[in-house]
C-alpha cells in the first residue's frame, strides 16, 4: 500500500554542529520516549544545506546544521526548489583556539605573528617578498622551538574563513602589509585575497579532516601549531598547550564576553513546512532552544559550546515560538 | 493479502507448474514412445516461467502504478485550503494521511468508531500503538485516511485476483505447449540468456547513471569557470567563497591533482604489484597446501581493513617512521639531522595504499596461476627448467590475460582511493616530482569539496562534479589503451 | 655406504664430460626467486600483523567497562513525589533518575548533602546513561519504588579512562578531565570492590551515543549485516551472470569491448561517486528513504560488481577449452556446459572476487556519506528501510570524536569489524578450498 | 521455379534423394581457420551402419572434417565452414537445427583424452544425466557399468569409481572418454584416433566394440594405423593436404586404390 | 663400518659396479599414488646407447616407471617413490642430486602433446635458451631448424615458425614436443608413446630419428605397438599390473619370451 510515513526527524549538515546535535538528539529521545531519536547526518554545511534545499517532502531532510549562515545563492536555490519558509536558529558560538603539543611552554600569539609566519608574502624592508621565515623563533620566542609548521583548516572548512578573517586579515593590517598590497593592487577584492593568502611551501598544512587529524599531526610533530575548536581542546587538555591570542586565554567566558577574538556562530535551519507534519520535529526544535540544552550550564556548554548571551537566547526562543521565517 | 503472501502463493503456483510440466512431459514421453526434445525438467521450468513471469510483471506494474493512482485519487478529495498549496506541501499532508491510515489499520473498527472524530484522542491512541503523529490530525485527514485504507484494500484484492489469474493462465498456456518436438530447453535457455544479458546491462546502466548524476552539475561548473582554466590550469586553489560572494575567484587547475593521482597510484602499484605477484607465485607454486590455505585468507584481510584505519596507520606510524628514518640517514651521511622525507608524502601514501592493494593482486593471480594446466608445467620441467624458469617463461605467460585483469583492477582501486591519501599525503595540491613531499589526488578533492562547509551552489563545490566526470573520462581512456595492449599480447593456451 | 665401496665406484669408467648448463647460476636465481616470494608474503603478513596488533593493543581495553556497583535507593520522593503514576504513566518516564544514582554513590563516599561542589564531582563520575538504565528498571517493575537495590551503574567515560590508566595523572589537575578528588574516590571505591571493570557487552549491543561509555556498534552491526546481505545476494549472481554473458556468449565485437572497458573503468570510479549515483537514482528518483541500509546495500552492490565481474571473467578465461569441448561433444548445451563444468572450475576465482569485493564493501564509508548513512543513529533498525549506519561509519565517526574514551572504542570497533570480516569470509574461504584443484 | 530447367530439377531431386540414402552427406565442404584454408571442397558420404575410416598424413584435415560433422568447430573462434552437410537429409548447418540435439545424435571422442575433473562415475554418468537416459540410480549405475565395460575399463576402475578421472593413466583416460561417449548412445559416433593411446589388448577391445556398435550405429573413425582401418572399417577415405583423395571400399582401397597418392601413402612411400 | 661382514661388502661392491656399468639402474623401485601402489619392486637396468622399449597393457605402470627415471613424479602431489635409481652410478633420488640437471640430462616427451602457448620457434628454443646452449641468434636458429628437421616437422612449419604451437594438429603438436626435447640434446631420452598421434610416415620418420640418436644417446620408449618395439628397440621390458614381468633382448622377447604372460600379451591373448 502507501509507503510508510517517516517517523523520525532527519538532520544533516556541519560536522562542527554534529556533536551538539547528537547530544540533543540523544537527550531528546530520553525525554520524549514517544519519539524516535532523530537521525543526525554528517557531511558538512554545504552538503547539509544542499540536501535541505532539495525540496519539501518526506524524502527530504527536516533540519540542516550549519557552522555559517546560509547565503543568498543557497537561499535562492532553496526557494527555487520550493523550500520557502525557513527558520534560522542560532544555537551559540564555537571558539577557535591555537594549540601546540603540551611539551611547549606558554605561548602568546598576536595576529601579526601568525601572519608573518604563515602568509605567502610578507613585508621585509617595505617590500613584499616570498615568506623567508623558517623557524618560529624568528617570529616570536614564546612559540614552539623549531621549524614553522602550522596545521590549519583546509579550505573546505568553515573555520578556515574565520581564521582568515580574524587572524590573517587582521595580521595583515597590523604587520603593515595591507598598505603595501593596496599600493600595488587596486582591486579591493584581490587585495583582500592577497592579504589572506597562505604560504604553500609546506610550512602551513591544510587539514581537510577533523581535529583528531590535527591532533595526530601535532603528536607526530612537536613544533607544530594547530587550530582546534574549543570543545575539542577542552577534551584534550592533557595533550595540548593552548596559546593566548592578544593576551586573552580562550575559554567559554572570554568567548561569550567577546574578549577572545576568534569565534563563530553556529546555526541550524528548519523547514517550516515540516513542522507539525514530521513527528517530533516541533518538539525537537523547541527542546533544542530551551535553556536546558543551550544555556550556560547545559550539556552543550559542558561539551564546549559557548552559549549566546541571555537576551539572544531569549530572542531565539521567541522567534521559534512565533514561527519566524527568513 | 499482503504482497509477501501473494508472492508466496505465486511461488507455490510456480512450483506446482513446474511439477505439472514435468509430469506432462513424462506422460507424453511414455504415451508416444518418441523421444522428447528436452529433459522433463526443462518442460517444467518452461511452464513455471509462464506461470511466474507474466504474473510478476503485472505485480511490479501494479506496485508502481497503484500508489500513484490512489495517491492522486485521495489528494483530489483534499479541501481547497490544501490543494492550493504547493505540490510538495500537499505531499507532506498526504504523508500525514498515510501515517494516519497506517495507524487506523492497526486499530480495530470499534476503536475508530469510539474515538470518532476527536483528533487529540486519535493521536494519543495511535501514539500508544507506536504510530507517532506530528500534530493533531484534521478531520479531512481522518476521512482521507479511511478512504485511503479502503482504496488500498480494494486495489490489493484486485491485483491479487488478477495476478493469480494471470499466473494460472500462464501455467495452462505453458502446459499446452508441452509436446514431443517442442524445444523447451532452448526456450528456457533463452530466458536464462536474457537474464544474463540483463545482468550485464547493469554495468552499462551504472555508467550512464554515474555520468548523468554528475553531468548537470558539471555543466553548471563549466558555465562559471572556463574549461581551459580547469583542464590546463596548473594551480589548484579554490579560495574560500565568503558568504554572499559571487565571483568564481580561485584557480581550478586540474593538472596538479591529476599528477598527484598518477604519482601516488604509481608508487602504490610499485609496492602492490611485485609484492602481490610474488606472493601469488609463492603461494601457488612453492608453498605447501597448509601455508597457502592460511596465507591467502590472511592477505585478504588486508583488503577488508577500512581505509581510514590505514590512513591513521600511515599518519601516526609509517609517516613519522619514514621521516625519522630519513633524518637519521641524513645525519649519518651528512651530519645534518634534517629530514628529507616529509611525514606526509607521496611515498607514505603510495606505500600504505600499496599494502592495502596486495590482496587484489595476490589472490586473483594465485587463482589464475593455479588454473594453468599441469601439462604445461610438466613440459617445461621435463626439459630441465628450474621451477622459477618454468614460472617466468611458461606459467606466467599462460596466465597473463587474467593477471593483467587483476592488475588493471588494482590500478583502478589505487586511483579511486581517498582516505589513505587524505591522511598520508595531505591535501596540498602541488606540482612536483619529489616522492618525499606531499601531494594530493583528484578523489581527495572530490570528497573534500563535496563534504565541506562550502556554499553548495558555488564553483568550489560544483568542481567536484567536474573532477568526477573528468577522472571518469581519463580512466576510460587509460582502460581503452590497456585493453589494446592486452589484446596485442594475449596468448591462449591448450 | 662404506669407503671401500665408494672407492671401488671411483675406479669405474670415467664419467662423460658434463655440459655446463649454468646450474649454479640458475640455482642461485631459483633461490632468489623463491626468496622474493617468501619475502613478499612475509612483507604482506608482517604488515597485517603490525596493523592488527596496533589496533588490538589500542582497542582491547574497549571490551571492558568500569562499573560502580552500589545500593541505590529508589526514593519515591524523587521519582514520583506527587504519586501520580497511576494516572499518568508518563511520569515514570521523565523522573530525575540520575539524582538517585548520584545520591547512592555520594552516600557510599560519604559526601555531605550540602557539599554542592562535591556532589557535582560525584555526578561527573557517573554516566548520564543511568537515566535510561534506572528508568527501564522502574518502568518494568514499578514495585521497586521505595526499595533499595544493588545496581551496577555505568561509570562516566572520563572515570573509565582514568581507571584504565589512560589519563596521565602527572598532568596538572586543571588540564585533565578527572580531578584529584575524583581520583581519590575512584581508588577508594576500587579498594572496596564497588568499582571494577566488567566485560563491556554494551559496545556490541548499544546504539551510538554521544557518551563514550554508553556507545556501542549495535546499530552499525545490524546495518552492516543488512548491507552485506544485500550486496552478497545481488552482486554475486548479477556479477557472475554478467561475466558469463560477456565471456561465453557475447559476440566479440566493438560493443562488448566497450562493455569490458567500461566495467574495468567502473572499478576506478571513486567510491564517493557511487554515493552521488545512489543519491540521484535510489533516493531522488526511486524515492527510497535516506539513511536506509537498503540504499546503502544497493550502492555498495554497484560498487562491488566490477570487482566480481573482473575476477569471474579472469577465472572463466582460465578454464581450459578442452573441458568445454568434452561437454559440448556429449551433446550438452552451452548453458549446461557452463553451469555444469566451467563454472565449478572457475569457482575459486569467483569466490576470491567475492571475498575481496565484499571486504572492500564492508570497509567503505565514502559512498554512504551522500545517502545519509554517515549519521548518528540511536534506534535499532528493524527493516533495511529504517535508518541505520555501518561499522566503518561508526569507526569514522568515533575517530573524529573529541573525547579520550572514544579513542579505545574506535580501535575496539575496528576489532569488531575485523571479526565481522572474518566471520563473513570464512564460509567463502572454506568453499573456495573445496573447489580448488590442480590439473 | 518455372525458370528452372527440367534437368536442373531432376538433378536437385537426385541430390536430395542421395542425401537421404546416406546417413550423412558432405557436399563441397571447405573449412577455413582465419585465412588459412584447411579443407578444400570435400565431398564425402557416410553410410548408415557402416564404419568409415579416415586416413591420411598428419595435418591433412581429418580431425577438421570430423569436427564439421557435429559442428564442434563452431567452438573454434576463427573457424568457418562452407558447403553443405546433412544428417538424414537435414542440413545440419541450417538455422533451424538445434546444435545440441545434433551433438547428442552425433557423439564424439577426441584425439587428446579430456576427462572432466570429476569422479570416474560422474564422467560417464554426465551424458545420460543431461539427456535423461536413466530413470533412477540403479539405471544409471547400470549404464555406467555397461559403458565402462564396453570400453574395457571396468575391471581396472570398478573399485575407484569415485576417484578423479584425471588421475588415470593416459590410456585409461582415453577409454574413459570412449565410455563417456557411448553412454549416451548416439546415432553416429565420431572417433578421433581413439586407440592411439591404447595397448593392443585395449585396442582390440575397442575394435570389437566398434564391430558391435556397427549393427546399430554409424561410425566415423580417424586412424593412423592402416591395419586398424583395414580391420574395422568397411569404407575408407583418404585425405591429403586438405583434399579428399579417394573414398572407397576398404578392401579395394588397400588392395587396389584408384589414386596413386593413396597407394603411395599406404605403402609408406611419401610424406 | 667394521661391523659389515666381508660378504656384505662384496655384495654391495658388486651392486655398485653393476650400477656403474649401466646407464641407469632401477633397484626395487616402488611407486605409490597416495595409498595406491602403482609399481611393485621393479628392477630394471637401462644400457647405454641402447633403445629400451617398455610394453604392457594400459595402466600397468609404464608411464609411471618412465617418470621415475627423471623424477617427473616429484610434481605429482601424493606420489611417493621408494627404492634406488641411479644414473651413471649416482643415486638420482639423493638429496645431493640436482633435479634440474638431472632432467636436462634425462629428457622427456609426454604421452599427451603439451606445446607451450608460444610460437613454434619459441617452443623449440625454450630448452636451449634456459640451458644457455646457443651462443647467439644464428646458433639458436640453427638448433631450432635442426631439431624440427629431425622431428620431421620442418617442411610443414617452416613458413609459420612464429605462429602459436597450439594451433597445430595433434600429430604436429607431438612432433613439436619431440623437437623440443631433442633440442637440448639430453643423454637419455624418455619417450612416452611418442608416435601414438602420428601417421605411418611421420612414425617412420621418428623411428628413423630414434635409430640415429641411438649412436650417441640412451633411449627409453613406451609404446603400445609391438611392431614398433620390435623395429626400434634392442631390449624390451614387459610390465603387468605394476610388476616387471620380463626384461630381455627384443628379439628373444618377441620370439621366445621367458614368461608366459609376455607370450600371452604379445599374442594379444589377455587383458
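Read from first to last, the chains carry the letters A, B, C, D and E; within each, the first residue is number 1.
Simple rule for what comes next: a residue touches a chain if its C-beta (ideal position, glycine included) is under 8 Å from a C-beta of that chain, and two chains touch if they have at least 3 such contacts.
Since we're looking at a predicted model, the values are computed, not measured.
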Neighbouring chains common to chain B and chain D, by label: C, E
Chains shared as neighbours by chain A and chain D? B, C
What chain lies closest to the overall centre, CA atoms only? B
If you average the CA atoms of chain A and of chain B, how many Å lie between those two points? 34
How many angstrom between the C-alpha centroids of chain E and chain B? 56
Separation of the C-alpha centres, chain B versus chain C, in whole Å, is 19
Residues within chain A bordering two or more other chains: 3-4, 6, 36, 43, 47, 209
Of all residues in chain B, which are in touch with two or more distinct other chains? 185, 312, 373-375, 384, 386, 389, 450-451, 493-494
By the touch rule stated above, which residues of chain C touch at least two different other chains? 21, 26-27, 30, 321-322, 333-334, 345, 369-370, 399, 438-439
Check the chains against each other and report every pair that touches. A-B, A-C, B-C, B-D, B-E, C-D, C-E, D-E
Where on chain E is chain C touching in the complex? 1, 4, 9, 12-13, 16-17, 20-21, 77, 88-89, 98, 100-101, 104, 130-133, 187
For a test of understanding, state which residues of chain A touch chain C in their complex under the given definition. 3-4, 6, 8, 10, 12, 15, 18-19, 21-23, 25-26, 29-31, 33, 36-37, 39-43, 47, 51, 54, 59, 61, 102, 209-212, 229, 231-232, 234-238, 299, 304
Can you tell me which positions in chain A touch chain B when the two form their complex? 1-7, 14, 16, 34-36, 43-47, 49-50, 53, 55-58, 66-69, 71-74, 76-77, 82, 154-158, 160-161, 164, 189, 193, 200, 202, 205-209, 213, 216-217, 219-221, 273-282
Touching chain C in the complex, chain B uses residues 185, 189, 192-193, 195-200, 202-204, 206-207, 209-210, 212-214, 274-279, 281-283, 285-287, 293, 295-310, 312-313, 317, 355, 358-360, 362-364, 366-368, 370-375, 384, 386-389, 391-392, 399, 401-402, 405-406, 408-409, 411-413, 415-419, 442-443, 446-447, 450-451, 465, 468, 471-472, 475-476, 479-480, 482-483, 493-494
Within the complex, chain C is touched by chain D residues 70, 72, 75, 77, 100-101, 103-105, 107-110, 112, 114-117, 126-127, 130-131, 164, 166, 177, 180-181, 184, 186
